[in-house]
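What follows are several structures.
Common to both upcoming complexes is chain A, partnered first by chain B, then by chain C.
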Partner chain A sequence: MRRTVGRRGTGDLLIALVVTAIMAALPFGYSNELLLFNFVTFLALSQGLNVLYGFTGYLPFGYVGFFGAGAYGFALTVMHLNWPPLAAMAAAGVAALILAAILTPLLRLSGAYFAIASLAAAQSVYEIVANPALEDVTKGPYGVSLSGVFAPMFSYQVGVAVLLFSLVVVVWLRNSRFGLALQAIREDTVSAAMAGVSVVRGRTIAWLLSALIAGLVGGVYAWHISVFYPDTAFNIQFSIFATVFVLFGGATTLIGPILGVVILYGVYNTIGITVPQYFQLIYGVLIVALVLFLPNGLVSLATRRGIRVP
Partner chain B sequence: MSPEPLLEVRGLVKRFGGFRALDGVSFHLASGEVLGLVGPNGSGKTTCINVISGLYAPDGGAVVFEGRSIGGTRSHLLARGGINRTFQSPKPFLSLSVRENVEIAATYGNTGEPVDLPTLLASLELDRHAEHPAGDLNSAQQKTLDLARALATRPRLLLVDELAAGLNPAELGRMADRLRGLADDGMALLVVEHLMGFIDKVTDRVIVMNAGREIFEGTLGEATRDPTVVQVFLGGHVPA
Partner chain C sequence: MLRRALLGLVALVPLALARPVLAAEAPSEIKIGHLHAGSGPYASISMPVYLGLKLWVDQTNASGGAFVKAFNKKIPLKLISYDDQSSTATAATLYNQLITQDKVDLLVADSGSVLTSVAVPIAREHKQFLFDPTGTGATFFQNNPYIALLADPVSTIWPKYIADFLKDDGVKAGIKKVALLYSTNDFTGTQATALRGFLKTPDSGLEIVYDQGVPTNTSSYTVLINNIAAADPDAVIALGYTGNDIAFLRNLQDSGNKFRFLFAIYPGIETDELVKNVGPQGLDGVFTYVTSAAIAYKPEVGPTEAEFRKMFEKANAGSGVAYGFNAIAGYTTALVLQETLAHADSLSQADLRKAVFGLSGKLKTLDGTFELDEHGAQIGEITPLGQVHPEGKGVKITVVYPHDLATGKPVFGKP
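Right after this comes the complex of A and B.
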């Protein structure tokens, strides 16, 4: 039994490494590096959301709040403390962790209440950051410029490292007893508690891990684009896209969110540019069809036949 | 001389708003003993189990387990400390396999000797379904899985909430034998059940509850001759 889990874990880890290697190598053969970086961003962000939604069932509409906190954690330490980018990346993670710790009481809510409350929390953070009265600290609504640390290729590769981290976290959760305990919590909190699982502790760890990933992604995003505004860093589209990608591919799996990003973000960037007039229609039809026929995501095509999907 | 009680419930009170679901219930239970908790719907049987298993904090009275007051202790700590339960409506982790359901409990809820999971599953006839999702099991099998999950934590006190409902006669007999076997091995069992034949076969004594209060304690045979119990179950007026 343990050997099977070990083999599966190795297989999952191999997939994570292959995806990371592909994303690391692509800029050397494809010139649209910004597009590739957006793929890296959403691949990692989707896995971060997968940690929370897939393994505990909490769907945070305000997930972008952690992303924005990371972006500003990075920016503020670079601007005010002159920290080097890699140290500022740590600050990005810490900023998201602090925000998550403050918002931990949200975990007392569930379902739509949690989703809406997390959105409201993200909006609150945005309002604070964008407040003109805080211009000296956050630059308020006027945005930040980090041109001094602008390093597109280096920041891209750090983004790939963040992606690897997010993938490894999901591989660990899929193959560890702690991940199993989280899934038990997702299924039934009362039963999980009677199985000896500390529901509060499990949820909190997943919440913090998920926030950490979003914070790191936000940090590297800030570094990569270098000039941004609160509207950019707290754009709800990050939450929506990450959520749709996870749901489309299939939560709780490693491969599901990857498929979601590659297919949907690929479609978004193909038809969104070539035939923008049909884009909303095609995107909408895809999502409606998925909800109707594959509510558990694309991976359910295999899982419903008893095939294990990584 | 009666053995030292493993569980002692003293004057337990649980209120939901103005409604007193438990109104001063007291009883005790020793290792190896099976106590039945019977009574009409709404009499407080399941609430009693919910309080003992940490789902609800008591509003009054005391729950003492192995000499320690445990009222209001969180469920996962109780599970690790030797108390577990089954549920009236089975509550397995539906998307996880039967094996994983039990493995979680054995990992997190068992602080003693490791549990031999294949043997446990085989003893409850769940071994054939070990790798199937729990959601594929029928209701009776899901109840049995609830029991398996509870047993995987090696409880010294097992709270059994209407485990027999929905079982066919053959399954009922096997389940009764299993529960008696657990008691023979030293486990204390508190069994809530409506099927009196099952209660008769499994329990050493029963407590009859009505409207949150204990109205009778003794054997099931004695209970059936008690006028207050008869009135509660069958209605009508009992002469003073």
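Right after this comes the complex of A and C.
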């Protein structure tokens, strides 16, 4: 049994490495690295959301709050402390972790209450950052310019490293006792607790891990685009997209969110560039079709037939 | 036989070596990359710029293309313009698309500072010269050789005439207390900062009694107007985008509050849009910036403002896009492109930049005199202070300051 899990873990890890290698190599064959970077951003962000939603069942509409906290954690340490970008990346992760620690009591809520409360929390952080009275600290609504550390290719590769980290976390959760414990909590909290699983500890660790990934993605995003506004870093679109990608592909799996990003974000960029006026219609139809016919995501086409999906 | 062949080959060598020295072949088209916001908060300032630019491209292609000095011939133009939907994130990706995938010869930013801001580092990174129609953020021009502002002055210059007028004519008319309400974005926030600096000099005789920034998406000003009235100012200066001005002036009309001096940016810039949404009476007596839409400059290149207005309205009838300063800005940008192509020695970005800066002080269009400072910031196309007066179903705008450009006297409200 343990050997099977180990073999599966190796297979999952191989997939993570292949995806990472492909994303690392793509800029050498396709020069719009910002478009590729957006793919990296959403691949990592959707895996971060997968950690929380897929393994604990908590769906945070305000997930973008951690992303924004990471972006501003990075920006503030670069602007005010002149930290080098890699050190500022650590600050991005820490900023998201601090925010997550402060918001941990939200885990006492569940379902729609948790989703809405997390959205309100993200909005609160946005309002604080965008407050004109804090212009000297955060630049308020006037946005941040980090042209001094602008390094598109280097930051892209750091983004790929963050992607690898997020994929490895999901591989670990899918193949560890801790991941199984989280899934047990998700399915039946009382039974899991009765079986000796520490519910609070498990949920809190998943919450912090998920926030850390979003914070790191936010930090590298800030570094890569170098000019952004609070409404860019706290744009609800990040939450919506990450959620849709996870649901579309299939939560709790490694492949599901990857499929969601590749297909839906691919469609978004194709339609969004050529016929943006039809984008919302086409996207809406796709999502309605998914909810009606594949509520557990694309991977359920295989899992229904008893095929294990990584 | 072999010897003759070798001699023949040797004779061909100079020809082969000389071949690269010959001028590069002319491209079949000149690609102009641009972004526009077809929806969202910046659509009202972006679409007129896009349609102004598109009008010029269509006209130029109808006459066989633009004259390109580098190839000494006319070459057709291809305008590649994507819709960024007012999103900076989408705009950043699309600017990259234009540079790296479409490989445009000329890159024109979207309208306004917010959507231009993301283009600045991308263009600089790719060493692509950025033709900036109306992105006026002062930081764009710091240590950046890859940009020039083409159709309006930098934000810090805009409010100078308001301050000078208040310190000069205003104080004489008894104006002492000033209220400042502004939207917190690059364009109006920078103007508010500059205005504060101009007004807070010891000898100004003016005191700022109300100073409030509000989010750009503010659509209800009723409470803010009451707060302003409570501060009892003589002059109220409201700095916002088109939507902000419409909401503010409507709410002010409904509130019944009157001030001796009331300033708003867009009555003089997007006049038709403001008249349509606020009505001539709601604009009565409002001081505003005067752009080329209200000053009949005598252009040396391109049509007059009146001629352009006819062309624009004919070409875009039924589009729902109102004629105003941004349409002129789009066409002015196009005329700068036209003259750049006509003067640049090659299509390299360095030669394009040299050609643009070479036009400074010499190019006179329907938007006034095109003049750049050494950083690429526009300093020629000034924005005097004007005042709106109802006239029939529309309005008339008179220039009131500076005095040498004035076409009428200012009328202050009753104390």
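Everything that follows uses one rule, which is that the second predicted complex is superposed on the first by the 310 of 310 C-alpha atoms of A that agree within 3 Å, B and C clash if a C-alpha of one lies under 4 Å from a C-alpha of the other, contacts with A are read in each partner's own complex, and residues count from 1 in each chain.
Everything below uses one rule, namely that a contact is a pair of C-beta atoms (placed from the backbone, for glycine too) under 8 Å apart; a residue touches a chain by one contact, two chains touch by 3 or more.
Note that the structure is a prediction, hence the values are computed from the model and not measured.
Judged by the touch definition given at the top, the superposed model places A:193 against chain B, while chain C stays out of reach. Of the two partner chains, neither chain B nor chain C is touched by A:286. Of the two partner chains placed by the overlay, only chain C lies in contact with A:152; chain B stays clear of it. Looking at the shared chain after the overlay, A:272 reaches chain C, while chain B stays out of its contact range.
Considering which of chain B and chain C touches more of chain A, the answer is C. Of all residues in chain A, only 31-35, 38, 130, 132, 140-143, 145, 147, 150, 152, 225-229, 232, 235, 237, 269, 272-273, 276-277 touch chain C in the complex they form.
Contact residues on chain A toward chain B in their complex (touch as defined above): 1, 177, 180-181, 183-184, 187-188, 190-199.
Chain B contributes residues 53-55, 74-76, 79-80, 84-85, 87, 91-96, 99-101, 103-105, 107-110, 146, 149-150, 152-153 to its touches with chain A in the complex. Across the complex, chain A is touched by residues 38, 82-83, 85, 87-90, 92-94, 96-97, 100-101, 114, 117-118, 120-122, 124-125, 139, 184-186, 189, 213, 215-216 of chain C.
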